[in-house]
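Every chain is named by a letter (A, B and C) in the order it is written, and numbering of its residues begins at 1.
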Amino acid sequence: MIFQIENVLIFGTVQGSVLALLALGFSLVFGVGGVLNLGHGAFYLITCYVFYLIWRVLFFDLIISIILSLIIAIIVGGVVYLALIKPLQDSHIGIVIVTFAFAVFMQEFVKVIAGIKPHYISPFIFGSVEFLGVTFPIQFVFVIIGSLILVFLVGLFISKTKIGKSIRAVSQDREAALLMGINADRILMITVMISAFLAGMAAILYAPTSAITIDMGWSFLLSAFAVSVFGGMGSTSGCVLGAFIMGYAKTFCSVFISPTLATVFPLLVIVVMLLVRPQGLLGKKEV
Amino acid sequence: MGVILEVKNLTKKFGGLTAVNDFSFEIKRGEFVGLIGPNGAGKTTVFNLISGFEKPNSGSIRFDGMDITGLKPYQIVNLGLVRTFQLVRSFHYMSVLDNVSVACLSPRGKKASEKVGLDKYASRILSEVGLIDKARFPPVILPHGDLRRLEIGKAAGTNPQILLLDEPFSGLSYEEQEHIHALIRRLSNEGVTIFITGHVLRELMNLVPRVIAMHQGKFITDGSPQEVANHKLVLEAYLGRGGGIA
Amino acid sequence: MPKKIRSKVSNTVSGTKNFFLGIPRATRNLYKEIPHQVKSFKEWIFTFRGSLTILCLIGTILVPLITMDDYIMTILISFLVFSIFAASWDLLAGYTGQVSFGHSVFFGIGAYVAAAFVKMAGLPWFFSMIIGAVAAILVGLIIGIPCLRLKGPYLALGTQAFSLILFNLFMSGELKDILGSTEGISALPAMSEAHIVTFFFILIIMVISFIILTIIVKSNIGTIFKAIRDDETAADASGINTTKYKLIAFMISGFFAGIAGGLFALNSRAVNPSVFLALYSFYAIVMVALGGIATISGSVVGAFIYWVILTELFKPMGALGTIFLYFPTLISALILIIMIRFADQGILKPALEHIREFYDFLLGR
């Protein structure tokens, strides 16, 4: 029993770390542009496959593969912004539909290139660690540490740098920010690229721990949405807090109740949160 | 002539700001009353509270002897209390006739239109507000004055007992204002109780026999236009403290 | 908070009760309108649109009759089934403004329930299909009630969450005994011995569905739907109980999507959890966008383009490699992006304009 709780602690931290990366970008984009980007899961999906292609098929060096994959993720983010989000900024429904179409497109595109069979990216370093009596792959250490560093850096970036301050300004009051001479379009573009980068990082860190399949984008998208709704749309601290709570709760469910419940857990959270407290745990914005 | 609308100690706070503060008044059936106050006095908030679009922090609203505080907007409309918006809200992709038909499809409107038939009833309202020639047009192509008339037509379609008109004259030309004046007078003569806001005193003075004045969310005075216009606090509200009579 | 929820629940319950009590009266009103509808139908046949529709219908009837080709019928059947599905989405999204990305839920529930009743209870297919559609209505209620508070993009993601929940439940190994897991339900009896009979059953159901949907959007309730789509607050201020009508839209839409799902399962004689995938919701959206949003008839055009033209275009290339079989979806995703970006009218309306000119020319007008 005790042993299982330690399991929950470690696997929950891993889940929480991944969710934090995914949800942070999704939530930032919403905060800055009021945009729900349904292509967010597709960022994760394509980085996985690009990483797989560069590292496992073309046999590039690990570090180079990681950098190349991230650059591609960021470029895709920029393209999504320029081609899909920017022209439709007045119509939120329009954005939702085109980003949805983008996600379907990417899924089918990957299907055409890589086929429907699952692929396996091997961990950076094989082997396992024992901590608190639980044995787990070293990759998990990368996930946790990488995610914590990134979350910290993003927090620093937002609070200290000029662009970060602009991001906060636009998400608090777009009109006022415009009047202050901030180019809100450019800020939103940077935010979308950051979100693609974070999703890409999540993919690179976490995807090696299990198989990659063409339809995994959707569940990651909805998990990111669930965490954002849970923590409060557009609230960064709420997002990270929500991600870890969700990670532990999900793992708890999976260990003690049922794996199926664990998979639908984030979705149930969406439904319940939207019903009971639409502004989320720490959010102020009404849905 | 019973009281149709009775507002008691109405208070609404937005964060630290008290938009409406302990506001009370009564309107009798068939009356024609104006609500004046400078910009930001809380007139629209009072309307939002009465029509159910916002919930008051305290106080009560009784309509026709029934407590309607906290009811949903459509429930209040279906009791016969209808409001129009200062920023006109029309159904953009539907014809002008259909815009009015929607109102005629609400429970009260349906009851009223049952005998003549929906289309005929809606067309009759359109000819009353003077838009019958434009019945097939979408509202997006109408000029501002026509949209205001459509707004009143939509409200009339629900067969109201009392009509709350929020700044029906703002942004209109003199000629368009005259049209709306005539329209409102006619509705009043038909027995509809009318409660109307305006921030320009002069516009309302010639129209209504009774005015309620408010400033910074508070009730100031209630009386005939002349009395209100000469009231010390009203003048202060409009001209600033210590200002003379213009 | 509990009190708030309690009042919400009691409101919803009483609203639902009132709705069901209102059904007989609504049916009576609909019945009263029938003579009027028949008269306008007679006039309609001789209009441009009417004659075009009748022409297309005759074509759809004649082609399988003449060729008696099983393959052609198979293509046409998926076209018919998915046009119902697309039209049901159009009613909800195009007419009522409730953009749902979880429409596959209704489709899937309709499919599963119909399949289960045919297989386990041995019921005739028609009744199973209706039961499936009614189940989809109930699901529409269950999803509709929490989602009604949501607007725009939130509704889209919220409904999609439901479709993923159901997908995971039906995929789940733990619930295999009840829901069949990955295998779903298979080996259903055929709808009829001859393929052509099945085809005509489906055609008749499709035509009836479209007539009903067209009547609904042209009726008073359709006017109210459009008002909610255009400005919900203004509809509220006009005394319309928007919650009630949105729920009605969810239920009607769910019913027809359920019919489509039931037909899909009964015709393919099997169903598996993939019917709940986002892909199926995407089919509905892309077909409606192709044909034109808020035109029930546009759904037919969209479904035709997707299931007959696009799919068949790439099928021959399937021999070169299976990857070509994924092309229709890939390309339609691109088309959808382009449509939303540049041509939100769809292609039905502009195309009709051109054909109408030609028609007028033929008649010497």
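Following the convention adopted for this analysis, a contact is a pair of C-beta atoms (placed from the backbone, for glycine too) under 8 Å apart; a residue touches a chain by one contact, two chains touch by 3 or more.
Keep in mind that what you see is a predicted model, and the values were worked out from it rather than measured.
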Quiz item: What chains do subunit A and subunit C have as common neighbours?
Solution: none
Self-check item: Far-end chain from subunit B, centres as C-alpha averages
Solution: A
Quiz item: Hey, how far is the Cα centre of subunit A from the one of subunit C, in Å?
Solution: 33
Self-check item: Whole-Å gap separating subunit A and subunit B, where each centre is the average of the chain's CA atoms
Solution: 49
Quiz item: If you average the CA atoms of subunit B and of subunit C, how far apart do the two points sit, in angstrom?
Solution: 42
Quiz item: What residues on subunit C touch subunit A, complex-wise?
Solution: 1, 5, 99, 101, 146-147, 149-154, 156-158, 160-162, 164-165, 168-169, 172-175, 277-279, 282, 285-286, 289, 323, 326-327, 329-330, 333-334, 336-337, 340-341, 344
Quiz item: For subunit A, which residues are in contact with subunit C within the complex?
Solution: 36, 38, 84, 87-88, 92-98, 100-105, 108-109, 111-112, 115, 215, 218-219, 222, 225-226, 258-260, 263-264, 267-268, 270-271, 274-276, 278, 287
Self-check item: Interface residues, subunit C side, partner subunit B - complex
Solution: 220, 223-224, 226-227, 229-231, 233-242, 294
Exercise. Would you tell me which residues of subunit B are touching subunit C in their complex?
Key: 51, 53, 72-75, 77-78, 82-85, 89-94, 98-99, 101-103, 105-109, 118, 154-155, 157-158
